[in-house]
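To start, I am sharing the structure in question, which I have written as structure tokens.
First chain written, first letter: the chains are A, B, C, D and E, and each begins at residue 1.
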Amino acid sequence: MQLGRVIGDVVATRKDPGLEGITLLLVQPLTAAGAAAGRPLVAVDSVGAGVGEHVFFVRGKEASFPFHPTEVPADAGIVGIVDHWNAVGSDGASVTTASTDARSDGTSVPPTPA
Amino acid sequence: MQLGRVIGDVVATRKDPGLEGITLLLVQPLTAAGAAAGRPLVAVDSVGAGVGEHVFFVRGKEASFPFHPTEVPADAGIVGIVDHWNAVGSDGASVTTASTDARSDGTSVPPTPA
Amino acid sequence: MQLGRVIGDVVATRKDPGLEGITLLLVQPLTAAGAAAGRPLVAVDSVGAGVGEHVFFVRGKEASFPFHPTEVPADAGIVGIVDHWNAVGSDGASVTTASTDARSDGTSVPPTPA
Amino acid sequence: MQLGRVIGDVVATRKDPGLEGITLLLVQPLTAAGAAAGRPLVAVDSVGAGVGEHVFFVRGKEASFPFHPTEVPADAGIVGIVDHWNAVGSDGASVTTASTDARSDGTSVPPTPA
Amino acid sequence: MQLGRVIGDVVATRKDPGLEGITLLLVQPLTAAGAAAGRPLVAVDSVGAGVGEHVFFVRGKEASFPFHPTEVPADAGIVGIVDHWNAVGSDGASVTTASTDARSDGTSVPPTPA
């Protein structure tokens, strides 16, 4: 799975019937330091994530598992909302990044050493 | 899934029988800001997308779900036509990009702040 | 799927029994403008493609679909030979690229505006 | 599979029920020379790996195999803890990298020629 | 599939039971010209490949096919040892690269025009 932050949503009237009633969120992948990395993707959400929250998402067919037995044509799905994560940096220092560091304007607070 | 814009189509007389009668569209992946990013791919279409429209597409075996029970050898499929999407930028501002921003010449209009 | 051009083949005496009698071709992925992009890969072929031809190929388990019920351990397979493709460029102009533009020496002719 | 080093963990209260009780570790992918390469990812762990240890992990649906028959929505899983690996470098010299080369501060010791 | 060269192996005492008794090799992906490209990966081997040999490997669940019905949690597997491959270069010249071009020190010989 990858760390990400919900940065928006997608509205689509015409879509595959398997996606009816399913929330489509825009997710920005993040590095372990909380920085944006790579292209945002569209993920289905089964855990009630909101814009600005840190999440982790799964790619591939596994994204549709939470909707079983409905066959959802999805390849990315949010499967958890992050409380915080701990990462040892290249300098050996441990850093804790909390989801509540996300500001109301959607930008993230730089992580501080634990 | 990823955001994209339909930029063309592919014509193939000799192909796998599982692809007979299925529309093959060229899709340019997009960033959340609507800019082209990465290599265009060939996707099967089950929602009636046309050139110039914004869509989102799924990768992997899930691309063949809409054609079930036909076994379509496809790894990319358009599963929705985007009305619009909302994205919080790195500056915290929310931007809405509408599919109707696509001009008739196939280029996209730069998104404007909501 | 992705656009590509067949640039060669691979000969392997010792291989998985599931690959016996199956043609292994080297395929160079292409951009929508017909330029080489990324690393060539080894694909199984079920449509009779030859060196110099433009094709589109599928990645993942779907590559083995045409050989069903044989379990072929392949993750890339040519599923169609391209007659031509149409693509709207960033300048809004539509360009058609024909497979017959491939020269006998295996290089491609630059596409011309339609 | 890919080589990696465990650099931290992820704490999530709200998550897919299939992930309850499963350890989520942050893994930094490594080159054959033991250098960090690419973005850290979140992996499920079934072999008891700890922070600082060298591991190899699997991507895709296979990540959930060790938890069978539970349907775990995961796309990355640690499936082995590395004792050491041997790699022939571009200069033809063989280098052995041992997991115990990992220092207590989480950084790795540069490999030495065997 | 991708072309690669076996550059080493991985020793792991603690690992998923599905990997017991299975050889884990380090494989360096190669371009069609035989040059190293991208990060080495850990692949299971069912064809008896050795260090220095050119191989082609499959990614994804297909990597575990040769071990069926054992459920091997692997996403990369060597499925063939290359005798030689032929590739048309960007200059139109055909080049043959033989596995025996691999020197005893593990480096490859630059391919020569056929």
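In this text, a residue touches a chain if its C-beta (ideal position, glycine included) is under 8 Å from a C-beta of that chain, and two chains touch if they have at least 3 such contacts.
This one's a predicted model, so the numbers in the text were calculated from it and none came from an experiment.
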Checklist line | Minimum number of chain-to-chain touching steps separating chain A from chain E | finding: 2
Next item on the list: Give a one-word verdict, same or different, on whether chain A and chain B use largely identical residue numbers at their interface, taking over half shared as same.
Entry: different
Check: Between chain C and chain E, what is the gap in Å from one C-alpha centre to the other?
Finding: 21
Margin query: Centroid from C-alpha atoms only, then distance chain B to chain D, rounded to Å. What do you get?
Written below: 34
Margin query: Residues of chain D that contact two or more other chains, please.
Written below: 60-61
Note to self: If contacts are counted as defined earlier, which sequence of chains do you get going round the ring from chain D via chain E?
What the structure shows: D, E, C, B, A
Next item on the list: Could you pull out which chain D residues touch chain A in their complex?
Entry: 7-16, 18-19, 24, 26, 28, 36, 39-43, 51-52, 60-61, 64, 71, 73-76, 103, 105-107
Checklist line | Of all residues in chain E, those that touch chain C in their complex | finding: 1-3, 29, 31-32, 37-38, 46-48, 56, 58-63, 65-66, 68, 77, 79-88, 90-92, 94
